[in-house]
Structure formats: structure tokens, C-alpha cells
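Shared between the two complexes below is chain A, which pairs with chain B and chain C, respectively.
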Partner chain A sequence: MNPDIARLTARTLLGQRRTILVVLLALLPVAIALLYRFAAPADADPERFAARALLGGIVTTTILPLVTLIFATGAFGQDIEDGTAVYLLATPVPRRDIVLARFLVAWAASLAALLPAAVAAGLIVLGGSGPGIVAGFAVGIAAGSFVYAAAFTWLSIATSRALVAGLLYVFLWEGTLSGLFSGIRFLSIRQYATGIAGAFFDLPASVFQPRLEPAPAAVLAALAAALMLLLAVRRLQRWEAGEAA
Partner chain B sequence: MPGADPRAGAIYDLGYRTYDGPRLGRRAAILALYTFTLRGAFGIGRRTSAKIVPLVVAAFAFIPALIQLGVAALLGSRIEIIAPWNYLGYSEVPVALFCAGVAPDIFGRDLRYRTLSLYFSRALLRSDYAIAKTAAFVTALAVLTLGPLLLLTIGNGLASDDLPGYLADHWREFPQSLAAGLVIAAVAGCGSLAIAAHAPRRAYATVGVAAWFLVTLPLAGILVEIGGEIGRFAAWFSPFDLLYGAALAIFGHTPGADSIQARADLPLFSYLLLAVAHFAAAALLILRRFQRVQA
Partner chain C sequence: MSGGSPPAIELRGVSRWYGNVVAVNDVSFEVGPGVTGLLGPNGAGKSTILHMAAGFLRPSAGDVRILGEPAWRNPGIYRRLGLVPEREAVYGFLTGREFVELAARLHRLPDPAAAAERAIALVDMDAAAGRPCGTYSKGMKQRIKIAAALVHDPQVLILDEPFNGADPRQRLHLMDLFRRMAAEGRAILYSSHILEEVERLADTVLVIVAGRLAASGDYRQIRALMTDRPHAFTVRSSDDRALAARLLAEPAIRGVAFDDGRLEVRADGLLAAARALPAAARAAGVTLYEVRPTDESLESVFAYLVRR
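So, the complex of A and B:
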């Protein structure tokens, strides 16, 4: 961890135009929650809506991976794409520290965009009831964006098309294929996030049922994040100047 | 050093020659640009790393049809036949990812590296350029939607015990499949190119196209569920739901009870009209962009 690199990365992320888009994307759940508050049909079940459609639905399946993907590839990929990564790698900073600093900033930025909006949306829909749903998904989102940020940091070092590769992983592997082959739930960051969230509430299966138990989800999430970070550090250590793009 | 006498200049014949071979003209230029773009969309003639994304996504579009063909070869008539509209519903995922991965490169390179002036200084009109590129991308998407359906038809035909009987029962599905596949390719292709043409940086274009397809999908589901009378119209504006609805309309098949088309309860033909409206709006946006862009 190197504070200067962290500061520079944070400045890169904040200075990008796409950050505005990301913040708008992250605020989408709040807009949906307000709409639910004012326009929902009278027979709607707020717990079911919050768990299945909002926090366990659009937030964890779409907004969480997309926001983390954009920040993680923005933190590393931008530098490599512009060819300025060489100047950073030529400094005597250990490459492990470069990876860790960028990864932590990408994770922090994703959390800053995701968590307040998700918590606010959950509170608006549930209005204080529904014990544990908001807290559970807040922890799940924090853990999920940690693993996603690690994976996408590795991707953006390993390939020049990290954004598309990440989209393929999220929407083809986690979205489509995991519906066909249920074993994929053990290899899906989305299921880790919902599994961890499931530790905080106990809802009937008709309302919301995570597909992984909390304990294996947490262990697998930690393993996946460690593996991804190791791969990212290793890939950057073997990076040769001039290899760019 | 004495100044050169300005009157002592001479013109040398450097041997420049004008081209006096055949000039193929505008039509050949459009055709060349079309084939070049179509090859480029699949990464043919480009470096290996540019081939990975299109070929992986294309493989995902074909795999279920290939499996069906293989199972049909092994098991014969005992397998369940996949309906073409169900397959098109699945195909929309690879189509969306192909758009997110490839559409940014169709116009992006020319916009970024300012090579448009080279095109526009030839016989090509600005609108020709936009139309040729768009048509090539739509053709590439049509390969993803129609190719697997063709394989599927062969697989289903082989699986049924009597092939003539199968053809007699299902001949009406062929023109319907063709129309539905083309509608999906045209709307998805033009829509994502309209986004990509306005975002020259590849990252923005990818995010924009991905958001158009993938964020609107759960959003429309939520709006249809809680939005009441107005919210159900959201099904018109999520490309996945719009195009699946349009395919159902073409096949004249009523949607399943839990599908968003059934919950939104809008007439099926309206999806087809909205698909045409999306196509027209996107095509106009692309044409306008290339009328105005600085070459």
C-alpha cells in the first residue's frame, strides 16, 4: 500500500467523466425505492420487493458488478491504455504495493458509490421494518465488491479488453450459465455476495433464498479474492515494459 | 554564400503519373467497406487479441444449437424440440454482449484516429459510410441470431422420424425465423451503434451499450411490477423485452404466464411497432452523427 499511488488513483477516478455516469447508475435504486413508496400496489410485500427485486435483484446482479467493473478497470486499465503505466513501474515502488493501492482505491470508490444508495433504498422501501435485510445486503455488497474489485483488477492487468471480459463474466457466466448449471453458484461472486447477506436474515424461501449458505460463501469469497490478488500481483511482477496494450 | 537567383528555377519531371485504370466508383467503395467491416466485426484479418471476444461470444450463441444437433444425432426422436422463439430469447444474451464488445470498434477507430477524412475524400458519401458500416454490423449480428436457428432446424428435422412430415408441419416457421432474427439483429445493432457513434472512447461506448441492454432489463421488470398503469410501458424500452416481444409477435405465440410480456399485458404487435420505431430512431441518429462529425 502506497499512499501516493492511492491518492493519484483516486484523483484519476474522480476526474473521469464516467464517474458521473457511475454515480447516476448507483443512485438508480433510490429512485426505484421512491417510486415503490409512492406508486406500489397495495398488496405488495415490501420485504419481498426489497430482498428479491431491489437489493437481491437489480443491485447485486447488475449495479454492483457494473459499478465495480468500471472503477476497477478505470483504476488500472486507463494507465495501461494510455501507456503511462511504464513510468509508474519504473519507480522503485514494489509492484505488490501498486496493485494493492489501486485495488483498495477501486474498492473504496465502489463502496462510496454503492453502499449509501443501497442502504437508503432499502430503508425507504422497508421503512425500518424487515430486520436484517438492509444490514445483510450492506455487508454482502461490501464483500461482493471486494471480490469483484480484486477479480477485475487482475483482469485489467491481464488483458487490454478487461471491460468486455468482465461483462462476459458477469452476464454470461453469472447471469445466463449459472441458471443452466446450478453448480456454477460455487464459482460466482454474485452468489458469494447474496450468500453472505443471507447470514443476517431468515426469510421464507418464497420471499428470498440465497443459493449458498453463509459459511461456504464467506470462505469461497475470501479464497477467490486472495487468488485474484495473487494473480494480479504476479502478472504485474512479470510485466515487461514495452509489452503494453 | 551568394543568394540563389530566383529566376534560375527549373521544373523537373519527376515522373508522377495519374491513375488511368478503371474507377470502380461509389457502389464498389460501399461494398468494399461493407465486407471489410463485416470481417473486422469477427476479428478476421486482425490480430489475435481482437478475435477472442467476437469468437467467444459467437461460440456461446451456437453452443446450445450444436448440443441439440449432437443429441439429435445420438438419440433420434426421443428429444424435446426447442422452439425457435425460445432459442431467440436465449440468443439475445450473446447478441447484447457482442454489441457491447464489438460495436465500439465499428466506428470507434475511425473517430479516434481521424481517418474519416480519408473515406470522405473518396467516392463515398457520408451517408454511404454510415449505411455500409451499420449494414455490416447488422449482418454480423444476424449470423448470431440466424445461424443457430438454421442448425436447430437441421437438428429438429433430424430428430423427427419423418423429415418430410417435419418440414410440412414447420415450413411456416422458416420465414418467421428469418424475420425475427433480422428484427433482433437490426434493432440491437443500430441501437448500439447509435450509442457507440456518440462515444468515441471505447470504454464509454462499451459501458453505454451494456447499460442500454443490461441495466434496463431488471429496471423494466421492477417498473412493470410496481409501476401500475404507466410502469408497464417500460417493457417497450428494455431491448431484451422489446425484442423478445417482437419475436413472439412475429411467431404469433402467446407469452408464458410469468414472462414480462404477459405481466405488462400490452398487445404483442405493439412490440413490433416499437422495434421499428427504435430502429428508425437509431438509424437517424447514426446518419445525423456522420452528417455532422468533423472529418
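So, the complex of A and C:
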């Protein structure tokens, strides 16, 4: 990884107005958890709520992909769009290093926004019980964010409409179509994340049932991330000036 | 090229098309040490040629080389090549100094800070180097981009419309800088759609019109071609009809016509007209009030060069 490009990417992300929106979005689970804590009925099941509705629900299905999408497209898309990418590309730095630096910063930024809020939300809902659930989703979110960041980094280089393409993937492919065709779980980053999270706790199937076992989920996540990064590097090697102009 | 060393920039039968649109059509040229101007009207294909030369656009056909190495998909060439793109965008949150130093670091220079200071001084940006690039004027952005492209002291420099936004003083300063760099043996290729910018700086000129190389060579020869082309003027005088009759006797005058009551004169060339018009006026006893060229646009000059 090239530290200069990583620093530049971090400053790019910190300077963007949408970063504030992302942080607010990432804090949403904490607000929901507090609401649950103070307004849930007495017979509510915290484990069920944490695993199904909060961490396995809104966090994994919506907040995780959105936060990572915004950071990954912010890390790369901007440069490609306004032409400043030329200043990085007109240097002998290998394209692989440029992609890795941007990807890792986007991933790190996503983790920084997602993990503390998700862990805090889980702890607020569960209190001291079910520590495996919080740890499991922390790992699942980290893994999911890794694969999403790789995929959205590739999208940012491949298309000037990466944000739209990313939203379509998250909400149409993973959100709608995966419910209709069970085979899609093999091509769903969300299912990799929940599959990996499921390795850390044991809940009844009626409460939480990942569609992928942990081992295949981890293998598929690793393969998908590697493939996306490879595609991103190849795409950047063939990037032409004026493509997004 | 002398001594068998490869040309700084070499295009061989290079074409580039986008779908059915041909942006650059079978262009071949070599650029050696010195300043070479790529001249042509807007949309002629100058930027496409420069992007291909700089390795940022794949030629649809032909071969592009920098110092003997392929330009496309070869980041190694940037060790010896500097590029100043036309687009204005720079990292607005970085100061000028940080921007140039970033370029120095990416080139893995041994002392990036010193290299950045040197390059900033070259473009006369010392005073503003501590300000964020986002606060710069167009001309300042242009100069800081040039500093970033010069920071690793490249042998070949490619600049797309480098004088855009520069005020006359900055323009002279940059021209002086490019001349000095060329005198040190570097090859500089820059594009412009402004004749005077090329006239004042370039030793060699490549004229691009509608994606084709219309003329190339020493600037003075091309300037002569441009000067000697047929010119048209509208003329106002104390007696247009008497002047028209007398002008027809001048060998350098190709024809006269009256359009809407105005006398239009076509001459063989600018200098020929400059001699024939006053001579004819004197002989006819007519006073010339106004002589106005009607087709001095760059496009018409280029169109003439293409027809040749």
C-alpha cells in the first residue's frame, strides 16, 4: 500500500460533506437500541431483536452496504470524475498500489463508522447477555464491509455511475431478488456477512437463520473480495483520460 | 534523431476512433529536444493526441512511444515524462506545496520537500505555495500543475493548453521557463489553439486539423504558408469602382466583386495584397479608408493548409 495515497484518500474522505451524513447514518442503530431499551414491551426478547431486527436486520442489510458504498465511491469516484486521478496515474506508482491504498482507506473508514456504533447498539439491547451475538456481528460487519469496499472500489473505477450501480446491487439484487431466488445467496455479500456472523453464536432457527454456513460464507467472501480487487486493478490499468468527462 | 537515440515522442500511423467518429486519423510524427507546438482549432484532436502520447488513451491503431518505450499501459515512462492536463481540477484541500510534494513522493524522489521547493520556484509560486489549491486562480492552478509535472525533472514534458488562464506576465514567464528547459535538451510538446502562443515559443509546429496532421516542420515555413495563402478583404475607399477597375490590372489580385455595395478583393497572399492595394489606390487617385480581412479565423487558415 502506498502511504501517500492512503493519506490523500483519508483527507479526501474527511473533507467531504457526505462523511457527516455517513456518520449520522452509522449512529442510527444506537438510537434504535436506546428506543428499544426504554420503550420495548416487558416480554420482548432482546436476543431476537438484536440478531434479527437490529444487527442482522437494519445494520447488515442497509447501514453496512450504504456506509461502505458512500466511502468507497467517495475515495475513488471523485478523482475519476473530476480528472484529478491523472495526478496519481501520471507517476510510476503501480496501479495495484493505488487501488489497494484507496480500498483499504475506504474499508478502514467504514469500519470506524460502523463498528463502534454496531457494538454499542448491540450492548445497549443485550445488556450483559449474548456476548457472542455482538462479537459475531462485529466480525460479520468487518468481513462484509471488506467485500463491499472491494466491490464498490471496482465499481467506482468501472463506471461513472457507481453510486447508482451500488444501490441497485444492494436493494434490488440483495434486497429483492435474493428473496425470490435462493441461489443468489452465493452472490450476496450480505449473506457472506450474516453467514460469518453466525459462526459466533447459536440461536434457534426461528430467531436467526443465516442462508450460508460460516465456512462457505468466509471462502466466498475472500474469493469475491480478491476478484473485485483484481478487476479494479485491471480496470485502472486500462483507464483512459476523458472517460468520465 | 542523432546518435541513434529514440525520439522523445514518436507516433507511427496513429488513429483513434470513438465508435464511428474518427478523432485522430493516421497521424505520424516525431518530437525531439526543443519546444514543439501542437496547433489546431478546438476539437481538432489535439487533446486526443496528447493523451495518447502521455499513455492515457489507447490508440485504436498505430504505435505511440516515449523515448522508445510504449506509452500505453506502461507507468514506468512517467519517470522520464511529465504531464500537465488541460482540466483545471486539482486537490483543492491540499496547499500548493503539499500538492507538488505529493507528486515528488509518488515519484519516490530522495528529498521530496526540496524537489517541491525547486519546482515551485521554477513557476514563481513561492509566495502562494502555502495556500490551499482551492483558493487559486485559474492561472495559479495552471502553474502549480506545471510545478507538479516538473518536480521529478522529466526529460519529456507534455502540456495540454498550458497558457489557459495565465495572465500576460505569467505567460511570458512560462514561455521563458519552457525555452530554458528546451535549451537544456528536454523535449516539450504543448498544444494550443492560439497562433501567437505557438509563434512566440515553438521551434517546430505540428498543425492538426480534423484529426489529421495538416502540416509539420519549422514554424517560419508554416507561417509563410499561412501568410502566402489567398486572402480576401473588404475595402472602403473614396471611389470603390475606380479602385476595383485599377485592382484588376494588378497581377497579385485574383478578383474583385461588389457584395451589398461593398468592394471585396481576393489576393494571392497577404504581402501581395499589402503591396497591390496601396499601389492601385495611388494609381487610381483614390483614398483608402479601410481594408479589413474577411477570413482571418484560425479555422480558415487551417482549412487552407488542409486543402494544400
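One rule holds for everything that comes next: the second predicted complex is superposed on the first by the 240 of 245 C-alpha atoms of A that agree within 3 Å, B and C clash if a C-alpha of one lies under 4 Å from a C-alpha of the other, contacts with A are read in each partner's own complex, and residues count from 1 in each chain.
Basically, a contact is a pair of C-beta atoms (placed from the backbone, for glycine too) under 8 Å apart; a residue touches a chain by one contact, two chains touch by 3 or more.
For clarity, every value in this text was computed on a predicted model and none was experimentally measured.
When the two structures are superposed on chain A, do chain B and chain C clash or fit side by side?
In the superposition, chain B and chain C stay clear of each other.
So in the superposed three-chain picture, is A:P94 touching just chain B, just chain C, both, or none of them (first/second/both/neither)?
Second partner only.
If you stack the two complexes on chain A, which partner ends up touching A:L167: first (chain B), second (chain C), both, or neither?
A:L167: touches chain B, not chain C.
Looking at A:T84, would you say it contacts chain B, chain C, both, or neither? Reply first, second, both or neither.
A:T84 contacts chain C only, not chain B.
With the two complexes superposed on chain A, say which partner A:L27 touches: chain B (first), chain C (second), both, or neither.
Neither partner.
Should A:G57 be classified as contacting the first partner (chain B), the second (chain C), both, or neither?
Only chain B; A:G57 stays clear of chain C.
Examine A:L115 and indicate which partner it touches, taking first as chain B and second as chain C; both and neither are also allowed.
Once the two structures are laid over each other on A, A:L115 reaches no partner at all.
Residues of chain A touched: more by chain B or chain C?
B
On the A-aligned overlay, A:G15 touches which partner chain: chain B = first, chain C = second, or both, or neither?
It touches chain C, and chain B stays clear.
Can A:A40 be said to touch chain B (first), chain C (second), both, or neither?
Once the two structures are laid over each other on A, A:A40 reaches chain B alone.
Just to confirm the geometry: in the superposition, how small does the C-alpha gap between chain B and chain C get, in angstrom?
Once the two complexes are overlaid, chain B and chain C approach no closer than 10 Å between C-alpha atoms.
So which bits of chain A does chain B touch that chain C touches too?
none
Quick check: in the complex, which residue numbers of chain C touch chain A?
Contacts found on chain C: 47, 51, 54, 56-58, 73, 75-76, 78-79, 81-83, 85, 87, 89-91, 93-94, 99, 102-103, 105-108, 148-149.
Quick one: which bits of chain B touch chain A in the complex? Just the residue numbers, please.
For chain B paired with chain A, touching residues are 49, 52-53, 56-57, 60, 90, 93-94, 96-97, 100-101, 202-204, 206-207, 210-211, 214-215, 217-219, 221-223, 225-228, 231.
Which positions of chain A touch chain C when the two form their complex?
Contact set of chain A toward chain C: 2, 4-5, 8, 11-12, 15, 82-84, 86-95, 237-242, 245.
Mind pulling up the chain A residues that touch chain B in the complex?
Going by the criterion above, the answer is residues 17-18, 21, 25, 28, 32, 35-36, 39-41, 44, 49, 53-54, 57-58, 61-63, 66, 70, 73-74, 77-78, 159-161, 163-165, 167-168, 171-172, 175-176.
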